[in-house]
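Shared between the two complexes below is chain A, which pairs with chain B and chain C, respectively.
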Partner chain A sequence: MSEPTEPPRGAATSAAVDTSRDRSRAAQSARVSGPLRRSGDWARRAPLLPALIFMIVVTQLPFVATLVISFMDWNAYYPDERGFAGFANFRRVFTDINLRNAVITTIILTAAVVLISLLLGMLIALLLDRKFRGRGAVRTMLIAPFLIVPVAAALVWKHALYNPEYGLLNGALTWIWHLFGADRPPQPDWISSMPLGAVIAALIWQWTPFMMLILLAGLQSRPLDVIEAARIDGASGWEIFRYMTFPHLRRYLELGGLLGSIYVVQNFDHVFTITSGGLGTANLPYTIYQIFYNAHDYGRASAAAVVVVIGTIVIATFALRTVSTLFREESSR
Partner chain B sequence: MSAPVATGRRRRGAGWLYYVGIAAIVVYCLAPFYWMVVSALRRPADQFSNALLPDPPSLDNLVAAFSPGNGFGRALLNSVIVASITTVLTLILGISAAYALARLEFRGKGTILSIIIATSMFPGIAVVVPLLQLFVDINWINTYQAMVLPSMSFALPLAIWLLTAFFRQMPFELEEAAQIDGCTPAEAFRKVIMPLAAPGVFTTAILVFIAAWNEFIIAVSVVNKNELKTANVIVSQFTGQYQFDQPFGTQMAAGVVVTVPLVIAVLLFQRRIVEGLTAGGVK
Partner chain C sequence: MTSITDTAPVPATRTAAGAPREKRRSPSGLVLTLLAWVVGVLFVLPVLWMALTSLHSEPAAATNPPSIAAPPTLQGYRDFFGAGAGTTPWPSLANSLTASVTSTILVLLLSIPAAYALSIKPVRKWTDVLFFFLSTKMLPVVAGLLPIYLFAQSVGLLDNIWLLVLFYTSMNLPIAVWMMRSFLAEVPVEMLEAASMDGAGLTRTLQSVVAPVVMPGIAATSLICFIFSWNELLFARVLTGTVAQTAPVYLTGFVTSQGLFLAKVCAAAVAVSLPVLIAGFAAQDKLVQGLSLGAVK
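Here is the complex of A and B:
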């Protein structure tokens, strides 16, 4: 065994639960020998502390502050009325029509982006999961949208694609119409006719490569000998996909979906850039930003932020479970 | 690819339909970006042209983007400063933390790993309110550190996660041998592990730099002086509130300038980046 801290190899770990893992780890660590064992527990934790303390100070403490502020009446316009508000801010989050709409918009936005980019990502991953000339180059190009500066990507969509006069979409429509000899192609104003759809399409474009990468990794970890055997036994391509590939991919789909949801829920750049939150596209992060900057109502903004965090924690709990399962499988492989 | 591809499917070959599919995907992924570049290279007078190639190509938009009134050059410098400082500091903290997580055995390791992952999923918007309040109180509004510190906290979990995966791949015997030969654990780390871990550290550095370069919500919140805004913020404010009286070509040129360094980095280091993105969680 190369590394004493690894869980036992080859064990059927997919169903293993956290407790059994901890127990096996504890048993392992008791057996660890060598010079590292000699230094005290705290000496071993020391290298970890700066990063940990930093993260707690910069993210967790401010969040505690957010939590406190969310229970307070605190509006910069009325500095004298600062005080304890109880659940009033939260009540307003769920009764205020703007905030309630923002919650709904956030859910629609997240669900649409994650589901569609997962589907597209899977199709692309299936296409890329075989050898052809230029595969490396194609894969590189496909990753580009994920790494482009989000603000720049949103700008591209807003101006270069959606613009009714010189955007690529309407340009393409004109070209196709002329190709078939028709004039007067439809020239919709994409952003005002379907604002939320415009934001969703731009986000899907950025997230598809991420999903593709995760799913491609999943496809390439399939046990190919088993699939080959199934093919020899006469299974059709669809049957192999339905009964072998898809079940294997399920966990990767979950992982992509959960990680995607966590990040899309927080999306701010696209909404800010493409529609400035107008036309019913204001999601929760954008609304929080508005409450904070325009209304200066720190209490209400914080309450909405707490709602976002709770939503994220719910998603993240599932994500963590999935990630740790994968992590275990990887180390046991 | 190390994994063998199913030979049966390969033998049947990739038919033309297959290549059409690949081409469609490539177009989908690259067309928006291509159109941005083409729009940036048109003459301002051709702004409304739909031609597939700029004819004649011109750099006027690029020149306009850098005109002194926009403060774009300074903003790029700010972006480089903020992203570089963030990357260096994140790596220093991240390497020591990841090494501890990958190599040393102590109680509560699982909990710490969970906290780290949980932090990475923490929405930036949730901490903006108190952070801003704090930065106002300690006079940090319009400073680099007000952008660097929050950005680090978003990048650190990613760095720790990736570096832990890299350290775990390295055989443990390396340090043991070094220590038997008389190195202290710190020396073993510095002289044996670090040189070997350099590729992993490099990958992490690229990804952290990209994350820091892309950071927007904190940068837009804590700075209101033009001389200190990052390129992202300046570019987004080119657009302003009214899209119709805006210099569209100039914005596209600025967008290209902000994105090109990342595209070049992706092209140069694509294997490493793919490795990094898929490391740890999914191998």
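Here is the complex of A and C:
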């Protein structure tokens, strides 16, 4: 499945043509000809083969197995009933209300986390793209959330921030209310009153630094002389952002959005830790984990996994196209 | 730690004199600076709160409003590392270390030769190969979970740390190939040609021309692979049990509340995250390049 079909291939050939250094390398290899060249080819391929074979065995074979199992009747609790099931598992996947909800939850979760952290990431990157006292320290503080082990971060949000009795959020509300001399501060139970929002907020906190880093790198690769010229010509800050910075950032926004989607679609840790998939927060990875780990329905779990893969191919195709565009620009520079 | 210094890369498009933007002392500049600081503090606050709470006693950690100035104590850490109860996290931390370090070494052994064959002496259709590696990264891991579990069950590798080592190697190999390729591509062709003209063999070329240029890249690649392996939960949870469980799996024991245990949870979160924080700040210059698979420098 995961062989990228035409977009990268087309880009790939043009990338190879673009680069001057590749041209010189191609010329090197063209100098050798005939049988010498063939043995040379294998000498070139040899260092690549271990990694390539390892990847094919470890990532492609299991997927083929998943595809086969998805057409089978296979539940570990009923070992005697194993057999060919046709499309029955897929029919069950598409009619199962839990799985349908999981699809919707996954889409809401991924879209919310990726879009909000992209927006925050861009605003913060713009704030950091100027010289000020302590810029390095602020950048370090902003990276820190990304460097907390995801399960640990989810645990801290669940117990130390969201807890209705002693969590920091309600603690801060008490403080603020006392500060203004009021008693009876509101003490919401964050996780039960907005379960999906609680998961999303914790994920945004971890993913905004990632977006910020990519967008900051994008901002810093702007051709500054052109922007300086525009400023001298009397362009306002907003005009410079709208017509120069934003178009330049678009590709980095796409890249951040797509890479973020690929990771967030697969999120398991936060859903598992903060809500244990309850209260309508079960996304697809969590639901598949449950069908497989708790219900031991291997056929249905595999069919759901195949559906997820097909959904991911759509995102992945765009992601590969974006990466190959950046890749081409990078190598022709 | 080097984290305080300003490490933002200065791209070649900027002149040394005109670096990012001239310092403005206008009131709006001051407001923006203040805003940047406020945002930074807000983002780091949960981390600081976690660290502070881990140093409080259990009763002090569970007050509302929070008691910031409670006397610090190491009781939370003592509880986590098994002073009171029977369980200790040490075996799971050791498992995490084994899985992360071994898989990172395997990744380097496989990815460096592969990256060499994709950049210094490229095979034909090398970009196709490169994109094949990338596409495996986009396959949702949950799709491979079941067959790997069934395979492990049939050959008796369940609850065995080496199965995780193999899986983490495959998880990080595409990232490492992309990163290493982008680092190796920075070795100037002219230097390689000069070396071969001077009659330097492969070993000599690798040693004195390639190695000095790519060493920082290798360091960054290994740190990022280490972080991803250390963080992984889903596969570790499904494929390991009592013997081979990793630190994140051990942490899932804290998902349900157990009375007054907030200081212990925070101590656990700090202890398990510390290696990642250290590795991450050590690699922060190359973090973007690694996370974007070499697409952004």
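Please note the rule applied: the second predicted complex is superposed on the first by the 294 of 333 C-alpha atoms of A that agree within 3 Å, B and C clash if a C-alpha of one lies under 4 Å from a C-alpha of the other, contacts with A are read in each partner's own complex, and residues count from 1 in each chain.
The working rule: a contact is a pair of C-beta atoms (placed from the backbone, for glycine too) under 8 Å apart; a residue touches a chain by one contact, two chains touch by 3 or more.
Computed from a predicted structure; not experimentally measured.
> Is this a clash or a fit when chain B and chain C both end up on chain A?
Clash: chain B and chain C overlap once superposed on chain A.
> Which partner does A:178 contact after superposing on A: first (chain B), second (chain C), both, neither?
The answer is second: A:178 touches chain C but not chain B.
> Now for A:195: first (chain B), second (chain C), both, or neither, which partner does it touch?
neither
> Could you tell me if A:54 is touching chain B, chain C, both of them or neither one (first, second, both, neither)?
A:54 contacts both chain B and chain C.
> If you stack the two complexes on chain A, which partner ends up touching A:231: first (chain B), second (chain C), both, or neither?
After superposition on chain A, A:231 lies in contact with chain B alone.
> Go through the superposed model and pick first if A:257 touches only chain B, second if only chain C, both, or neither.
It touches nothing on chain B or chain C.
> Contact-wise, after the overlay, does A:223 reach chain B, chain C, both or neither (first, second, both, neither)?
Only chain C is touched by A:223; chain B is not.
> Based on the superposed arrangement, let me know which partner A:130 touches: chain B (first), chain C (second), both, or neither?
After superposition on chain A, A:130 lies in contact with both partners, chain B and chain C.
> On chain A, which stretch or stretches are contacted by chain B in one complex as well as by chain C in the other?
2-4, 21-22, 25, 41, 44-48, 50-52, 54-55, 58-60, 62-63, 65-66, 69, 124, 127-132, 136, 138-145, 147-153, 155-161, 163, 165-166, 168, 171, 174-175, 205, 208-210, 213-214, 217-218, 220-221, 224, 228, 252, 255, 262, 265-266, 268-269, 272-273, 276, 284-285, 288-289, 292, 298, 301-302, 305-306, 308-309, 312-313, 315-316, 319-320, 323, 326-327, 330-331
> If you look only at chain C, which of its residues touch chain A in the complex?
Where chain C meets chain A, its residues are 3-11, 13-15, 18-24, 29, 32-33, 35-37, 39-41, 43-44, 46-47, 49-50, 53, 61-66, 110-111, 113-114, 116-118, 121-151, 166-167, 169-170, 173-174, 177, 182, 185, 189, 227, 230-231, 233-234, 238, 247-248, 251-252, 254-255, 257, 261-262, 265-266, 268-270, 272-273, 276-277, 280-281, 284, 287-288, 291-293, 295-297.
> In their shared complex, at which residues does chain B touch chain A?
1, 3-10, 14, 18-19, 21-22, 25-26, 28-33, 35-36, 39, 47-50, 93-94, 96-97, 99-101, 103-107, 110, 112, 114-119, 121-134, 149-150, 152-153, 156-157, 160, 168, 171-173, 175-176, 179-180, 185, 210, 213-214, 216-217, 220-221, 232, 235-236, 239, 241, 243, 248, 251-252, 255, 258-259, 262-263, 266-267, 270, 273-274, 277-278, 280-283
> In their shared complex, at which residues does chain A touch chain B?
Interface residues on the chain A side: 2-5, 18, 21-22, 25, 29, 32, 34-37, 39, 41, 44-48, 50-52, 54-55, 58-60, 62-63, 65-66, 69, 124, 127-132, 136, 138-145, 147-153, 155-161, 163, 165-166, 168, 171, 174-175, 205, 208-210, 213-214, 217-218, 220-221, 224, 227-228, 231, 252, 255, 262, 265-266, 268-269, 272-273, 276, 284-285, 288-289, 292, 298, 301-302, 305-306, 308-309, 312-313, 315-316, 319-320, 323, 326-327, 330-331, 333.
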